[in-house]
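Heads up: the structure comes next, in structure tokens.
For clarity, chains are labelled A, B, C and D in written order, and residue numbers in each chain start from 1.
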Amino acid sequence: MPGLTHYLVVSALLFSLGLFAVVTRRNTVAILMGVELMLNAANINLVAFNKYAAPGAMQGQIFALIVITLAACEAAVGLALVLAAYRTLETVYVDEINLMKW
Amino acid sequence: MGWISDVLRAIVGTIIIFSAVAFIAVMFGVLLERKISAWMQSRLGPKHVGPQGLLQTLADTIKLLQKENIVPARADKVIFASAVIVVPLAALLDYVVIPFGTTRSGPLIFRDLNIGVLYFAATSSLVVVGILMAGWGSNNKYALLGGMRSAAQMVTYEIPMGLALVTVALVAGSLSTVTIVNGQARLWYIVTQPVAFLVFLVAATAEVNRVPFDLVEAESELVAGYFSEYSGMRFALFQLGEYGEMFAMAAMAVTLFLGGWRGPVLPPVVWFVVKLYALIFVFMWVRWTYPRFRIDQMLNFSWKILIPVSVLNLVVTAFFAVVAHR
Amino acid sequence: MTGEAIAFYILAAVTLGSAVVVVTSGNIVHSAAALVPGFLGVTGLYILLNAEFVAGIQVLIYAGAITVLILFAIMLTEGGTGLGGRQRNEQALVGATVAAAMAVLLIIVATRTGWTAGGGTLPPYTPGAIGQSFLRQNILVFEGTSIVLLVSLMGAIMTARRED
Amino acid sequence: MLLDWGYVAIFALVGAGMVALPLLIIWLISPRSDYPQKFETYESGVPTIGQAWSQFHVRYYLFSLVFVVFDVEIIYLYPWAVVARSLGAFAFWEMLVFLAILVLGLAYAWRRGALEWT
């Protein structure tokens, strides 16, 4: 029977993969995908703790729903920013979006 | 060993549902479409294969089975190949929650899920991803344009469809399809919820990319839309996906608004099939009656008419069900 | 090994395998497409955790909506035109080290901590129970979400629209 | 409950197999004949120019953006719809506030022309 720890390990690995994408990807959209993976990892934790640590409460699942909502908002706004940046700078690569460095 | 019998039952149920959808619904549906279009245009339609052309689609399928399997050289092979599985599978997954009838030992349904209606919305939203994959993977301008339009249209009409589903869930007080059908023992929801029914029907037409919402695969401008590059059996699988989705939408409309399997005298399954084919006939009737929407008209229709109307309908329904009820 | 354990390992493998494709694929559209099995694997994990409503929402929002949004954004920026470009920056080695360190740290924390197991029986997490919880105990969160949605809608429209 | 979803999982797996079966059959029995024109991208017989993978107009994104926000709104309506009648008038007014805020969003999108296909 998989227990709480099993889920936590899966979520830790998923989170690290997301982190790896965020740190190393050049394409902004790919970075956003990494963020989505990290949010998913957090959600697994929330739901797993809900079941194993506080089975009577619904708070973990409620919070997971909120996180999903925020992930959708984040994707919408983030991708809108990507489009805006692409329109003015003609690139989606974060290391080429460097006007602020000057 | 209880689990072996469960697994066997699940496998047999799956095979029965898949075969029924593929052979009875889709193959017969294609034939019906050709016959009805012929009838509306004063033609005869397929007539030579089998009695009255009944075996025409079967013959077509056998022909498609022998065709060469062509993958365009420029296509993205992986995505091109997986899209052909995703689209029909996502369409057929809808059938899990549809109650086809009832027997002495309970309703005839693959599985009565707690979140039935939500499950239906979720699986049908997966089709969009498959379509975008097909359009992009083909590396064909028509296919990609059709796929993008398709996706824009399907996501747009998911909102009014979701609102209609919520309205029914509110009236029935449950998301389980069997409970919803049982809630219609006295009165079909089409009587109390005609607006939601119409919204659902229009949204369903758009979800399956049929006329008047077929601008995504308009022959005269986009060849065949997102599946232009698919030939032979892969083409047939996309047809399976489209017709399977259409039958799923009609079956869901029957379940939600037309009382599902309920009806006097005749056995429940027969009632279900009769209502299902009545709705399918409406879809086909519309197809050969209306001209095609332009893309801006299609989008405006959803955002500026259907969504405000269904939000209003939801509020009014909620008011009468929750506040005025007391 | 019970059926639940087998299902757990399969789902974990699917999730992590697709995540690896998402992270490493040189083709951005392949990454986006690989998100779908990844999200579906997480959905399966939710179901194993008895959270079927959250699972339904996961498919509807993540697999059905966010993936489409991401695919659209890809088509709108480079489409497949930038497929030949370099996808990873110079920090690949450092990034891998950091991510691996993070994974090791998290796994150590997860396995070493003595989590207190909650008592009591598992209630059915039905949609009705979620609704009760939302409308009775978390009403402020519920209304707050709608404000967040409104603000992000306005912000995103303002950002994405062409100024003309 | 897990039993339900076990059934659904088998449905998906067996279903994927049944969808893939015809593909296996054609792989086994279909004829093969190679000549380069056959694998050209279909553009009504004219030789293909350039890639299909190109940039699309931002209006597609605007629509999918409004869609995502409303889709998220609807996920909150499902649990509400199930319990609304047992909770009574309070639930109705709560939802009215929720919906009103989102209708405001729709009105804003409409006003700003995000719903125009220009």
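FYI, a residue touches a chain if its C-beta (ideal position, glycine included) is under 8 Å from a C-beta of that chain, and two chains touch if they have at least 3 such contacts.
Given the structure is predicted, the values throughout are model-derived calculations rather than measurements.
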item: Pair sharing more residue contacts (C-beta pairs) when A-D is set against B-D; value: B-D
item: Most central chain, Cα average position; value: D
item: Rounded Å distance between chain A and chain D, as computed from the means of their C-alpha atoms; value: 20
item: Distance between the centres, which are taken as Cα means, of chain D and chain B, whole angstrom; value: 14
item: Where chain A and chain B are represented by their mean Cα positions, the distance between them in whole Å; value: 33
item: Where chain C and chain D are represented by their mean Cα positions, the distance between them in whole Å; value: 17
item: Contacts with 2+ other chains: residues of chain A; value: 65, 68-69, 72-73, 75-76, 79-80, 83, 87
item: Multi-partner residues of chain C (at least 2 other chains); value: 3-4, 48, 50, 52-53, 57, 60-61, 64-66, 68-69, 72-73, 75-78, 80, 124, 126-127, 130, 134, 145, 149, 152-153, 156-157, 160, 162
item: Interface hub residues of chain B, defined as touching at least two other chains; value: 113-115, 118, 136, 139, 144, 148, 151, 155, 158, 175
item: Set of all touching chain pairs, with the criterion as stated earlier; value: A-C, A-D, B-C, B-D, C-D
item: Contact set on chain C toward chain A in their complex; value: 2, 4-5, 8-9, 12, 15-16, 19-20, 22-23, 28, 31-32, 35, 38-39, 42, 45-46, 48-51, 53-54, 57-58, 61-62, 65-66, 69-70, 72-74, 76-78, 82, 85-89, 91-92, 94-96, 98-100, 102-103, 106-107, 110-111, 115-123, 125, 129-130, 133-134, 138, 141, 145, 148-149, 152-153, 155-157, 159-160, 162
item: Sites on chain D touched by chain A in the complex; value: 58, 61, 65, 68-69, 71-72, 75-76
item: Chain D partner contacts - residues on chain B that touch it in the complex; value: 6-7, 10-11, 13-15, 17-18, 65-75, 84-85, 88-89, 92-93, 96, 110-115, 117-118, 136, 138-144, 148, 151-152, 155-156, 158-159, 162-163, 166-167, 169-170, 173-175, 223, 228-229, 232-234, 236-237, 240, 295-296, 299-300, 303-304, 307-308, 311, 314-315, 318-319, 321-323, 325-326
item: For the chain C and chain B complex, residues of the former touching the latter; value: 3, 27, 29-30, 33, 36, 52-53, 56-57, 59-60, 63-65, 67-68, 71-72, 75, 80, 124, 126-127
item: Residues of chain D defined as touching chain C within the complex; value: 1-2, 5-6, 9, 51, 53-58, 60-62, 64-69, 71-73, 75-76, 78-84, 87, 90-91, 94, 97-98, 101-102, 104-105, 108-109, 112-114
